[in-house]
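Have a look at these structures, which come just after this line.
Okay, so chain A shows up in both of these, paired with chain B first and chain C after.
== the complex of A and B ==
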């Protein structure tokens, strides 16, 4: 068994090697030990990034937008999941948008929600506005409405799929017992189905949130230039013509990897809780 | 009031409300209208504000644009990268999955957590490190470097996929074939491949899909030299050419739509989807 474990460990090592190697390189570059403009061990790069207000504006804005979109997608997926669990057509319709790549979805959001987009034209036709500028800015705007809508739209099908899978494997005995004790359908939904569904779907919600924090394809098309989403800020630093700024990209990348690592651990803990609850 | 359990089971076999017609219409609108909007934008030659619909239909000009060298080359590069990522990612995930299902439960649990990291790690954060490694290896700014970068998340996805698939696979069939004198190669060709063929095809599609929509890793490691369909789409959007951008978006959506319908059909055949 020990030699089989050895092969297993080698397989794991190969899967995570690029992430670990990239993370270690970014850590070394963060301390000025590697990369363009390396000056020897120094905390100057880390200090420059962490004391720059634009970094924290970017981090907080990214967390808020990703968090809001995750909450919207989760609530919608839970409500829709319980209603389409027995309907193939419903499940197909709810998950059809999985096929649309993120960059394509971002262009659709731009065409729909931009100030000269379809909604703005409909508002003009209804006599609510007289020019594009009268329509509320949702794209490139600090409130990030278009980005939240696009994020939620893309995460919704993934969470519906998870919700349907959780509902299919839940312990039906609890529902039977509740009905036996006189609980009506609404009480069963509120007290049993939804809490169980939430515990089962929680790992996927954490994964969706982690994914949205680093999402680039939609952010680069729909987000404002100030504050920049973390992924766009990191990319801009990575390709900056000023070599000193490229080191800052490693600091930002390393921070993002640490954040992701924490979310992966949270995801694992949540998954184990869900397994214990649902079995 | 006490009700008999069998009656309850019959009545409440699904505690959810059945999908109503308004819900289905709403889902159809939410899921499909953005794609229809892209199709409308792609075929509308002129769509000036405040017109609600394009005033001129320009399919001919659109086809000419799609046949242009930029999009054709980008499509070729994307297909090549997706195919290579699918094949190599599947080979890697299969080998890793086989090694892991034979390992102890604690190693499998650790592997599942570890393989999840490249799946959710932000591509930009991943790309910043991978870009330097690719440059050091002499493959940065080229197709090989981008392929290796796409393989990082794909290997994570496919290792997780094969951990699930091979966990339910009966390895004793292979052991019996070996007992009857089959060589490891014969055993792989005559037992493993035929049994797992549908799962391997699904894995190829999954790996290809991971590569198909990648933008951040392609931009960082490809340095703007490797022009895939997502890279060209972004260039169209930035240049204000929404029409060609929408056409590229439709082309970009067709392959995943076909792949997902194949995956769903396969899942239904095997009973994975009810």
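== the complex of A and C ==
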């Protein structure tokens, strides 16, 4: 038992140590003590980030885009998950895009949804548009349509996979009891299957949302130049031609960490409250 | 036991990947003072890791193909060119220094302008060594484009590799009569709403900087170091030009393409009528690669376009400075410069003074200029304007991001 604990501690340390080391380095860089452009202890980088309106525009835009994509992917995954749970072909079809790299998905979105993309060309061929600018702007646009679509498309198979796993482990007795009490299939779906599925899938939803907040490869290809997604803003600061601004990238990194940390804490709290209510 | 063996294997692999073969840790300036034969002898049989911008297929093909092959055959040097440019190089070297490693990872870097300035400021470069290379005697030492890197004297801390000049790119079929001055460009943009933009990166800022020169009456206003008063006047003039034209930009100036690759795609797909490049000859290589249509051509605005040189530098912690010196010298050879200048290779401008070269080499350079897509060298020289202090680039980029890009008044 003891040696097993030892292995466990080593494994946890291997996972946690690099994160802690990186966090410490980032903290030092945020205070001007490390990294390119370090000039000695100062809170200038932190105050520059927190007082810059573009930071908060970026945060709000990123939360809206990542949140919308997560909601779409979650709803779609729950609806599809319950229908493909017994079908191997259905599951395979629903999760096939899991293997597509994010950068490939973003290029596919560009090719499909751009103003000179496939849909635009179809619209032109059908006589609906006469030039690329007539087609609605979905790429590089402030509404982030292509980015939302690409984000949702990439998170959907991950959530379907989780949904199928959750449904496979649910307690069949609950459904039987409900049927015995006269519930029809729709009521069972609404009152039992979906709530159970939601509770099982929620940690994966939070993980997907947190991941999208920091997603870079798709954001840099599809996002507008204003507001910038948080990840792109962070990279822009990390390679700023003025060395004095590079430490701000570390501050922005902490901001993203705070956002995702808050999400995880909120989820943990909600879960505990829900469990207590059930007990 | 099995776990230990796996851990050992992973450890050995990581260690093996992380380092190139260091023949010695002698620094570049010490080696450059030795007889050249002994530098070559030290470099023979070694590996050199070269960090460079890897965003252009033609450049990658030249480096990974021809240069790599020739280095192996002539010097038995194995070249590994890996991604890493500008700001990232500075960050990497600072991190390596902070980690206290005696030897870093890369021995050669492709740099210029603000990266060179930052590296000198942060003391991240070895030197001086460049002037001691045997082929340095062929460098065009009369050219201020080559001998001054954004007004900075390289002082032997970087060796010139090539020259480029900013050009707009248009399609002769779509735009048979393109504008040829900044004033005409503004008129053209207003007459063709939604068909012009610039990118957010280095090329876009170079375009804005050339507007700044033109509107202020010439580059002379901004030479001899950074002057905040002159900068503010220049910036305000550029922003006034932008405010009068951006409503007619692509997407009304609400958004800008992230980089020139995105610009080329928008141009090739007919969304915009102009793209741009920091290399006047890029149009030739991009036509060959099928990125741009065959009817695309480069265009120099008569108000002047910015020309600059790019260089290779050796980091302070280069594990194989001897190998890096041999490569830097080889890149300056007539063989390497002619190959690089061919339109079907990279079409990069040479840094050599042809008057100093043997007659047969001069003839080979002259033949290259006859390419169908190449701009006449006389025009290039006539409209070339030098770079100014890196601070102009830094400030213009920051101010453009904070105001024009955000759409604030």
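Annotations for the structure displayed:
Note that the second predicted complex is superposed on the first by the 253 of 279 C-alpha atoms of A that agree within 3 Å, B and C clash if a C-alpha of one lies under 4 Å from a C-alpha of the other, contacts with A are read in each partner's own complex, and residues count from 1 in each chain.
Quick note on the criterion: a residue touches a chain if its C-beta (ideal position, glycine included) is under 8 Å from a C-beta of that chain, and two chains touch if they have at least 3 such contacts.
For clarity, every value in this text was computed on a predicted model and none was experimentally measured.
In the model built by aligning both structures on chain A, chain B clashes with chain C.
Looking at the shared chain after the overlay, A:141 reaches chain C, while chain B stays out of its contact range. Judged by the touch definition given at the top, the superposed model places A:61 against neither chain B nor chain C. In the overlay built on the shared chain, the residue A:133 is in contact with chain C alone; chain B does not reach it.
Once the two complexes are overlaid on the shared chain, A:31 sits clear of chain B and of chain C alike.
Of the two partner chains, both chain B and chain C are touched by A:220.
Counting the residues of chain A that each partner touches, chain B and chain C differ, and the larger count belongs to B.
Once the two complexes are overlaid on the shared chain, A:158 sits clear of chain B and of chain C alike. In the superposition on chain A, contact is made by A:107 with chain B only, not with chain C. In the superposition on chain A, A:242 makes contact with chain C only, while chain B stays out of contact range. Overlap of the chain B and chain C interfaces on chain A comprises residues 34-35, 116, 132, 220-221, 238-239. Residues 1, 4-5, 7-12, 14-16, 18-19, 21-26, 29, 34-35, 80-87, 89-90, 92-112, 116, 118, 120-122, 124-125, 132, 153, 157, 167-168, 172, 175-176, 179-180, 182, 185, 188-189, 192-193, 207, 210-211, 213-217, 220-221, 230-231, 234-235, 238-239, 249-250, 252-254, 256-257, 260-261, 263-265, 267-268 of chain A touch chain B in their complex.
Chain C contributes residues 86-88, 90-91, 94-95, 98, 114, 118, 121-122, 194, 200, 251, 254-258, 266, 269-271, 390, 393-394, 397-398, 402, 405-407 to its touches with chain A in the complex. In the complex of the two chains, the chain A residues touching chain C come out as 34-36, 38, 54, 114-116, 131-133, 137, 140-142, 220-221, 224-226, 238-243, 246. Within the complex formed with chain A, the chain B residues making contact are 1-3, 5, 8-9, 11-20, 23-24, 27-28, 30-32, 34-35, 37-38, 41, 49-52, 92, 95-97, 99-100, 102-104, 107-108, 110-133, 148, 152, 155-156, 159, 212-213, 215-216, 219-220, 230, 233-234, 237, 242, 245-246, 248-250, 252-253, 256-257, 259-260, 264, 274.
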